[in-house]
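Listed next: structures, encoded as structure tokens.
Both complexes below contain chain A, partnered by chain B and then by chain C.
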Partner chain A sequence: MSTEALAARRRRASTLMDGLIRPVLGPILAVLIAMAVGAILLAAVGENPIHVYATLAEGGLVGWPNLSVSLQLTTPLIFTGLAVALSFRAGLWNIGAEGQMLMGALAAGILGYAVSLPAALHIPLCVAAAFLGGALWAAVPALLRVCLSVNELVVCLMMNPIALLLTGYVSARVLKAPGPTNKLPDILDSAILPNFSLFSQLNAGIFIALLACGVITLVNSATVRGFEWKILGVNPRFAHYAGINVGRNALAVFMVSGGIAGLAGAEQVLGVYKAYYDNFSPGYGFDGIAVAMLAKNNPTGVLFAAFLLGAMNAGSAVLQMTMGVSKYLVQVLQFIIVLVLAAQFSFSWLRAGARRRAASPQGEA
Partner chain B sequence: MDSDLAYSAIRIATPLIYAALGGLLTYQAGILNIALDGFMIVAAFAAIAVAYATESLMLGVMAGIASAMVLAALLAVFSLRLRANIFIAGIAVTFLAYGLTALLLKGVLGQEGVFSSDRIPTFAPLRIPVIADLPIVGPSLSGHTALVYLAYLLVPVVAFSLYRTRWGLRVRVVGEAQDAASAAGINIFAIKFETMLLSGLFCGLAGAYLSLGYVSLFAKQMTNERGLIALAAIFFANGNPYWTAAVALLFGAATALSVRLPQVTGLAPQLLQLIPYVVTLLALVAVGVRKTRARNRHGAWRFEL
Partner chain C sequence: MDAGGDVIVMNQITKRFDDVVAVHDASLTVRAGEIHALVGENGAGKTTLMNILYGLLPRDSGDIRLRGEPVNFVGPAQAIAAGIGMVHQHFKLAPSFTVAENIILGAEPRKSLDRIDRAKAERDTAELGRRFGLEVDPRASVSALPVGLRQRVEILKALYRDAGIMILDEPTAVLTPQETRELFATMRRLAEHGRSIIFITHKLREVLAVSDRISVMRHGRILSTEPNQGVTAHHLASLMVGRSVLLRVHKTKARPTEDKLLSVESLTAIGDRDETAVADVSFFVRGAEIVGLAGVQGNGQDELVQCIAGMRRPVSGRIGICGAVSEHANPRSRRASGLAYIPADREHVGLSLSSQVWENLTVGRLPEFSRGVALMANAARRRADELIRQFDIRGARESTPAASLSGGNQQKVQLARELTRQVRVVIAEQPSRGVDIGAIEAIHRVLVEMRESGCAVFVVSADIDEIFALSDRILVMYRGRIVADLIADETDVEAVGRLMGGLHEQAEAAVEFESAARTGHVH
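Let's turn to the complex of A and B:
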């Protein structure tokens, strides 16, 4: 074989490597590292890691009942993952998806029982209200960021408990349904997203999630707005000098991000619980951070990452029931994944590391 | 002024002051450390677990400090050596710590949400000889535990080391002009790593105080965003140790008041629990307004820290 043919083959192999394998290599590596660290932890508390992981996988994936629970738990993560990914891509750290989701859920929960409409109008109204609720809640950190340069991370993290307490107040005092639980009255039948599984609360909300994913993909790749948001994330100063209105775009992307997080609340209220329950979320907003990091802020990647974490969450419930291992194992795994991914721990990093060591002894701080 | 209220304000402000001192050192070195809550929760857990196992407060506090410093070292390695974004790494470390402590609560102590035991020793209140007899302030200043006094005593220590020592000068240079510091031959990595470790030390004290001194129990996510409130205090005081401690004390007073109010008014507990968060948020807004006024706006939209 001639050297040219060899070079051509290598080139082809490397495009395949760049196009298909490289993007998923980092996330897979991160998952493996997280599982290895998790295994050490499990062994330390006296559990058999292989047995635990097998139960986790089986509980999340094997059989339609388990799979439908996984898909049910995937749905809110698609929304929150999309929300976080959209803001991260624009260089804004919206980690307040939890609070935005609660506000969206509350809006959907109120309109779901207080307004009487045919289903064709009622569901879109509730979904739109949830989007608005999330967007308005996101407007607080966004405005503070854009107008006053206040660090949005700190504000977002403060807005989460504030949202939880406010929704708690509304559902326990102001609009409480009669009965012992802190919840709003049940939503009307016309607002319910149809459920199509006997084994779980998997509902039509997953199609809204897929639609949102498609829309964001389109916006990101085919619109001027999407391009501007990307430049914002790459270099805001350049964006400013290129004539992009940085403040307005940052505000817009932050509020859209919050709105999408609010949709997760709509799906939970209209599809899963059929009423607003106080403190319903086990932390879908925070899981969204892990989803976005795993997906590298790519909307299509969000689907896969959300399913991975959704299945892990579903499996962890089974794990807790059958083996008594705390469901927080999954939270630990998730954030080890985030930490590893944040470290840009890829092959390019390893290669650059070797080169850097040769070049200069002092790492960039 | 109600001396009882002042007493509890001093008590409530203690973990805030520890955490704020920790966050302040990294802030002065140019790192915004948002993982203070993570350091604290790990320390709170380690402290109570070791105190339960050994029935020794000293060992418990030491374990809390050690565990928080390990976590701080982890964050420092990831953000300084592996070039991870400090915010993302900080968030990851915090939620990792929340998950890990909840996991170990079940795995080691066998409890689901809250852990407490009669075996855990408590700190004895210290009666300060002269101050206790002062007419008005005496009852609120005396009778606290050792960790409370340590927090307030550490404020001048931190101020001294920041403004009166060679090391403190280096920390501030690294924070203000990293390139100049590098050109002057300062080892930026070492300085940042040291401040991060000290951040872990102070948060370790905060966490140990939370689980062993403030209350005698561990609950998951028991830090209640105290790390963020401490950060807001640092922003508000622009990194000055004395002012930071004063702001933390103010936040403590607001919280003490919110604990008291339900007896007076019939307000819902949720609304009263909002008070520390809303006060913090308002403080952040005030900082933003002040900074925006001071800064000349020439297109730089993103502030660097």
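Let's turn to the complex of A and C:
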């Protein structure tokens, strides 16, 4: 009797463990390991790691000026992280968020100055155009994959520099604004996403990001499509067997994913720069991959992961100014996080494989 | 038979995996020169016990004596050195190597400068084969060998290392009845040479045919060890399951209807290696009959079924399901026209093991649980609970991951999902593979019930006993062709076995059957 009660308690404890703690254990561990490795690097170059980390945290988190910069840098990462997470969850490797974001930004940048409308229409129009721009750019790898079974990873990777060069050409030659900089003309006031911080370019785009996050959460958990996409991700042959249209769904996932990446471009153009600038992105699309991995493709997790990376980036600027520690150190930390996560992934994958092999002779022990 | 003393004494072995006791206080004694069958259901602990003996797994308690000496193997290398050989269910051979290379791998004969002495390897292999009557061409590439010969290579490999004790883990699972008979002859010959053989299986007919003594395992315990004489299959089966089981499900004589619910006409399909896997196959299955497709694995059955299920595009031919004929179909359209397909590959095709039971029961039936774009997840979970009760899926709640269920219960999940739809044609592919005896009975009963309700049931199985247990009519497939169409009551295992092995003296008769089947279609 008492052993039963004990077992029941252990079971309850283990469901709590499984439900709440275990999912975040890996990412937290990754961050801690990265910090430990970073500490060694810092000590090697003669800096006090504790002091550096304290400055980094303060520069990213303490006080509204710092925090608002962190949030500004978080916003594009929410979009790109969400975009990547959506595709990864469906087993599709959209690593082309960078290019999709650029195409979205270009679309928003053009409509932002070329069309004159009241703000209530102009902003939605530009946002929608950015979504469409990203979605169409994503349709290229998607169609190649669905129709010709071309590996989407490779195509996505190649589409990124193509987008960069194409947008560069447009902003330097075709629609260039007068002046020395390669940019499009400034967008009209009616297209500007209102800024609400004196200290940064934090703008209303962050609400669009939160909205997108909520919508994807809903799609994942409460719609037929979200369910099909999940099955597509865990076992595409099973999905095909059960009559799910794998090709059409893959195309849909890719285009929605590209569209969300395009929204990051809209936020940058309409909220941060107020014009399309050539080569504006420091790699938000690529950072989105790290965000999605850290979030384990969970939309809520994307919020936290994007904020972690955003705050690190914001803090690194402060770090460089006050202590003279290169901001590239923070990039190193971020890369280590990704490496550890990838290692964890392959580790658990290997372990699952070993368990399967151990169990397979008898089917199920 | 009772020539030598005890070579292996395993005493009160216990092995736990986390909370699960896989082997519980199991004691086993193997004598020199005997064939000792170790029988039990899937998951009874047979393989675990043998893996402990072979040094693949550490034991938690108990002791092992080999020829009186206590041993404690860490890793198979030590077990091999002590003269224990194990032939696993899944062969562990390098396909691109020759027979001789595989046999010497890890124990290579050397000549000067540490080079491998291939000539000696080939001589030794040939000599070993002659001595035990297991001839294989030492220079043949393993990838070119049929399954039966690959197994022979595995056995030779153990003999090359001078194994006095051989563990054969479900060796007959992949063999034709004829190959099985040859294997048994080999086993007897080895026993006569004084080697001891531990034969792991769950096929009772084979146990009774070949073994000297039989140990029955259930839930990790060895329940009994008895000499073969005087033991019946029924007695063993009830020991294995813990209750009396029907080895053959009761069914009345088939009264097939006139409509050919499943019809295949001149179907030709290409396999994954660009070979003609299905060559001009025609047959039909009528309502209220069970047709079994017998054949050794890899003779085109997989490709045939994939074509019918819409998962592989045939080169030519027509497939009709409930009259809906189409040349190009996809799984969705096939399902819509009334097909239920129970795939053999539960891990990759029929289920998503990492997903929960309710998700597995809901995929493919989404229209029932959608309102507009919304998924009615709660309704789907409730229905899953009902199906779990209805199909007696043990150890499952709707939120259990499918991977944690036993093979039999995973099979029940597939059946519950597919057979509770509006279906008229049922294709069950290897329905009892990896499924324990108790569950086989339930699965077979469900398939017979589908027949009673008027469905056309098509059973594809490499297990000839299963074919005979279920079928009203038996088709035999060999090298992509259907070589026979037989009435189950008018044939026997031997005849079907010969056809499966391609030894059909009745070749002409088979052609006649085939053409009869085809003309049967036309009107």
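As a working rule, the second predicted complex is superposed on the first by the 332 of 365 C-alpha atoms of A that agree within 3 Å, B and C clash if a C-alpha of one lies under 4 Å from a C-alpha of the other, contacts with A are read in each partner's own complex, and residues count from 1 in each chain.
By definition in this document, contacts are C-beta pairs under 8 Å (C-beta built on N, C-alpha and C of every residue); 3 or more make two chains touch, one makes a residue touch a chain.
Predicted, not measured: the structure shown is a model, and the values here were computed from it.
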item	value
Chain touching more of chain A, residue-wise (chain B, chain C)	B
Chain B versus chain C as contact partner of A:339, first or second or both or neither	first
Partner chain in contact with A:237 - chain B first, chain C second, else both or neither	both
Which of chain B and chain C A:147 touches, first, second, both or neither	first
Partner chain in contact with A:120 - chain B first, chain C second, else both or neither	neither
First, second, both or neither for A:198, with chain B first and chain C second	neither
Partner chain in contact with A:168 - chain B first, chain C second, else both or neither	first
Touching partner for A:93 - first (chain B), second (chain C), both, neither	first
Intersection of the chain A residues that touch chain B with those that touch chain C	237, 240-241, 362-365
Sites on chain A touched by chain C in the complex	221-228, 230-231, 234-235, 237-245, 360-365
Contact footprint of chain A on chain C as seen in their complex	17, 20, 22, 42-48, 51, 88-90, 169-170, 309, 311, 330-332, 335-336, 341, 343, 348-355, 359, 362-364, 366, 369-370, 373-375, 377, 405-407, 434
Residues on chain A engaged by chain B in the complex (per definition of touch)	41, 45-47, 91, 93, 95, 144, 146-151, 153-155, 157-159, 161-162, 165-166, 168-169, 172-173, 236-237, 240-241, 246-247, 250, 286, 289, 293, 324-326, 328-332, 334-336, 338-339, 342-345, 349, 362-365
Contacting residues of chain B [partner chain A, same complex]	32, 34, 78, 80-85, 87-89, 91-93, 95-96, 98-100, 102-108, 178, 182, 188-189, 192, 224-225, 228, 231-232, 268, 270-271, 273-274, 277-278, 280-281, 284-285, 287-289, 291-292, 295, 299-303, 305
